[in-house]
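Presented sequentially are two complexes of chain A, the first with chain B as partner and the second with chain C.
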Partner chain A sequence: MAEKLSTKRNPPKWSLWFKGLDEWLLIFQKVSGALLALYLIGHTLVISTALNFGHPTPLTWERIIGLIEGPQVIGNVHFGAIIEYLVALLVAIHGANGVRLILMQYFGLGLPKPERRTYPMVPSPMKKPQVIYKYLIIIVVVIFIALASYVAFIG
Partner chain B sequence: MGMVAKSTLMKWHYITGLILVVVVGIHLAFRWPSYEASIEWAGPHGVYEQLMNIGYMIAIFILLYAATYHAMNGLRTLLLELHQGKYWNIAVDVVIIIVGVFIVIVGTVALVGALLTV
Partner chain C sequence: MSSAKADIKVEIKRRTFTFKVKRYDPKTGGYRLSEYKVEVTNRQTVLDALLKIKATQDATLAVRYSCRMGTCGSCAMIINGTPRLACETKPFELGTDVITVEPLSNLKPIKDLVTDMDDFFEKHKAVDPWLIRKDEKEQFEQLDTYYPQTEEQLLNYLEFSYCIKCGACYAACPMVFLNKNYLGPQALAAAYRWSADNRDEGYVLRLKIVDSDNGVWSCHYSGTCSKVCPKGVDPALAINLLKKSLLTGKPPAR
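Up next, the complex of A and B:
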C-alpha cells in the first residue's frame, strides 16, 4: 500500500542555528553588536558630560571620569578600566569577524565557485579560504589581547 | 524607511564598518602605553594633549558619525529580525533616527565646544 504523503509543515528547527561555528559567529556578531550599540550611547553621553558639553575644565573631567572609573580593584587598576578592557575585546572580535563577513558577503572573497555536487560534499565554511579567515581572526584577536592587556594592566 | 533602499543601508553599513576598523584602531592606539595615563586630563598622552592633536580629533569626528550610523543601522536590523509589523517597523525607524540624531548632536556639541575652548 502506497504511503500517504504528509502535508503537515515542519516547525523550524532552531537547533540547526546552534550547530556550527559559522552560525555561532553570526549569533555572536549580532549580540555583540547590540551590546556595543548600547555602549556607544553610554560612552558618548559620559564623555560629553565629562567635557562639560563643550566647556571642558580639568575639574569636570576628573570628577566625571573618577566617578565612572570607580574604585581600584586590582593593584592600581580601576573597575572602569576592566570594563573598558572587556568592551575593547568585544570590539576586536566584532571587528575582526565583521571584516570577514564583509569580505565574504559583500565582496564575495573566499566563496567557492559553483561546482557539481559530488559525494563526499564539503560545505563551503569547511573549505580552505573560509577556514583561513577564521584562523586570521584568532591571530588578530590574540595580538590585540596581548597589547590591550599591557595597556590596561601593566603600562 | 521607504525612502532609502535596504541594499543602500547595508552597503553603508559595510562601508562604515571598514572605516570603523581604522578609526577605532586609532582611538584605541591612543590609549598606548597606559590606559590610566590616557584618561588623565593633564600629563603626557593625556586628554588635553589628545584634544590638541588635530589628526586625532578628525579621526574622533569620523568615529562619532560612522559608529552612530553603523550602530543604529545594526540595531534597526536586529529589531526588524525579531519582529515585523506595519506599526513596529515605523516605530523602530522613528526611535532609531531620534536616538542616532541625539547621539550625533550631543557628541558634536561636546567635541566642537572642547576644540574651541582648549
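Up next, the complex of A and C:
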C-alpha cells in the first residue's frame, strides 16, 4: 500500500492557550468583539423599528421599547437593563484592552528595547512594564463593573 | 588524579518514566498512542529517552534530531503540552512521571513525531531574510568592501538572530492555527532581525511584505510564541516593533 502524506496539519494543543494572562486577554478581546458586533446589528434593527423606519410615532416607540425592556426581573430592574449591563461589561473589557494594545503597538508603551540576552531569559510579555499594564486594565474593568453594578441595581 | 577533581560528587539519580508518544501513521492517516516505560538518569534528556526506546524497545519510532545540543532545532516537539526542544528538556525537571510527547502542531505530519517543515521554511523565505543592498555589484563583486557596525547597532537585532528555526513558536501560535496563510512568529521575527540591521538597505521592501492580512496584522498578541521559544528570541516583541514601525512610518531602530 502506498503511503499517503497528510494534507491536514497536526491538531493544536488547546491547553497551551488557557494558561497565561495574555492568552485569556486575547480570548476575551475576540469573544467580546464578536458579541459587540452582533449587539450593534441587533441594536440598529431595534431602534430603526422603534423609530418606524424614518416615520417616528410615539405609539410604535412605546410598543417596541416596552417589548424589548421586558418584564421586571430583579426588584424594579427590567430584563433589558440587565442586557445593557452585560453589554457595558463587554465594552469595558474590549475598550480597556483595546486601548492598551493601541498604546503599545502605536507608541511602544511598555515595549522593552532589544538587548543582549542572558539566561534565564524573560520573554517581553512577562516583563514588568507590560505585566503592570495588563493588571492595570483588569483593575479598570473591575472598578467599572462595580460602578455599573451600582448604577444598574442600586442607584 | 588531582584531589580537587575527586572531591566533585556527581549525583546520578535513576527513575523509570512512562512515555506516551502520539504517533502519526502515514499508512492509515491517523494517530495512535504508544506507551513505553524507560529508565533515565537525571542527566539525560527526553531525546536520549526516545533514542533509548528506539534502540531497545521499538525500532519503528521515528524521531528527527541532529545536533543533540539545542543548536540545530530539529527535535522540537510538544512535551507535556508545551512545544520544547527534546534535547534541552530533562524528564527529571518536568515534574511528572508520565511524559506525553506529541508532534508539533500547525505543521503537517510525516511519520510519528516527524513533521513537514516545508510551509514553515517557505514562509521564512517569503520575508527576504537576507542582507539586501542597493548596490549589488558592490555587495557581490567588490569583496574588499566592509559594512561597519557598532555594539549599539548590533544590539538592535542580536536577540532575534539567535533563532534556530525549530518551529516551536509556530506550533504554539493560536493565530497560525486560525489562519494557515499567516506568516507566523518566526518569519516575522526574521523580517525584523534583517530590517533592524544597519547594514541592510531593504527594510522598505520587507515591511511591504509583512504589512498585509497574512503578515503582522494577523498577530493578535497572545505572546505564546515568546513564552515557548527555547532560545529566548521573543518573536512577540519583534512583531510589536514591526507594527510600531508600520503605524508610525518610522524605520526600525537601527
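Keep this in mind: the second predicted complex is superposed on the first by the 139 of 155 C-alpha atoms of A that agree within 3 Å, B and C clash if a C-alpha of one lies under 4 Å from a C-alpha of the other, contacts with A are read in each partner's own complex, and residues count from 1 in each chain.
The rule we apply is simple: a residue touches a chain if its C-beta (ideal position, glycine included) is under 8 Å from a C-beta of that chain, and two chains touch if they have at least 3 such contacts.
Note that this is a predicted model, so its numbers are computed, not measured.
Applying the stated contact rule after C-alpha superposition, one finds that A:Y106 touches each of chain B and chain C. In the superposed pair of complexes, A:G98 makes contact with chain B only, with no contact to chain C.
Judged by the touch definition given at the top, the superposed model places A:D22 against chain C, while chain B stays out of reach. Judged by the touch definition given at the top, the superposed model places A:M126 against chain C, while chain B stays out of reach. Contacts of A:P114 after superposition: chain C is touched, whereas chain B is not reached.
Within chain A, the residues touching chain B in one complex and chain C in the other are 30, 105-106. Of all residues in chain B, only 11, 14, 17-18, 20-21, 24, 28, 31-37, 39-42, 47-48, 51, 64, 67-68, 71-72, 74-75, 78, 81, 99, 103, 106-107, 109-114, 116-118 touch chain A in the complex they form.
Those residues of chain A whose C-beta lies close enough to touch chain C in the complex are 1, 3-13, 15-17, 20, 22-23, 26, 29-30, 101, 104-108, 111-117, 119, 121, 123-126. Touching chain B in their complex are the following residues of chain A: 30, 33-34, 36-37, 40-41, 44-45, 47-48, 51-56, 58, 61-62, 65, 69, 76-78, 81, 84-85, 88, 91, 95, 98-99, 102, 105-106, 147-148, 150-152, 155.
Considering their complex, residues 24, 26-27, 29, 78, 81-83, 102-110, 115-116, 155-160, 162, 171-172, 174, 177, 180, 196, 220-224, 226-229, 232, 234, 236-237, 240-241, 243-244, 247-248, 253 of chain C touch chain A.
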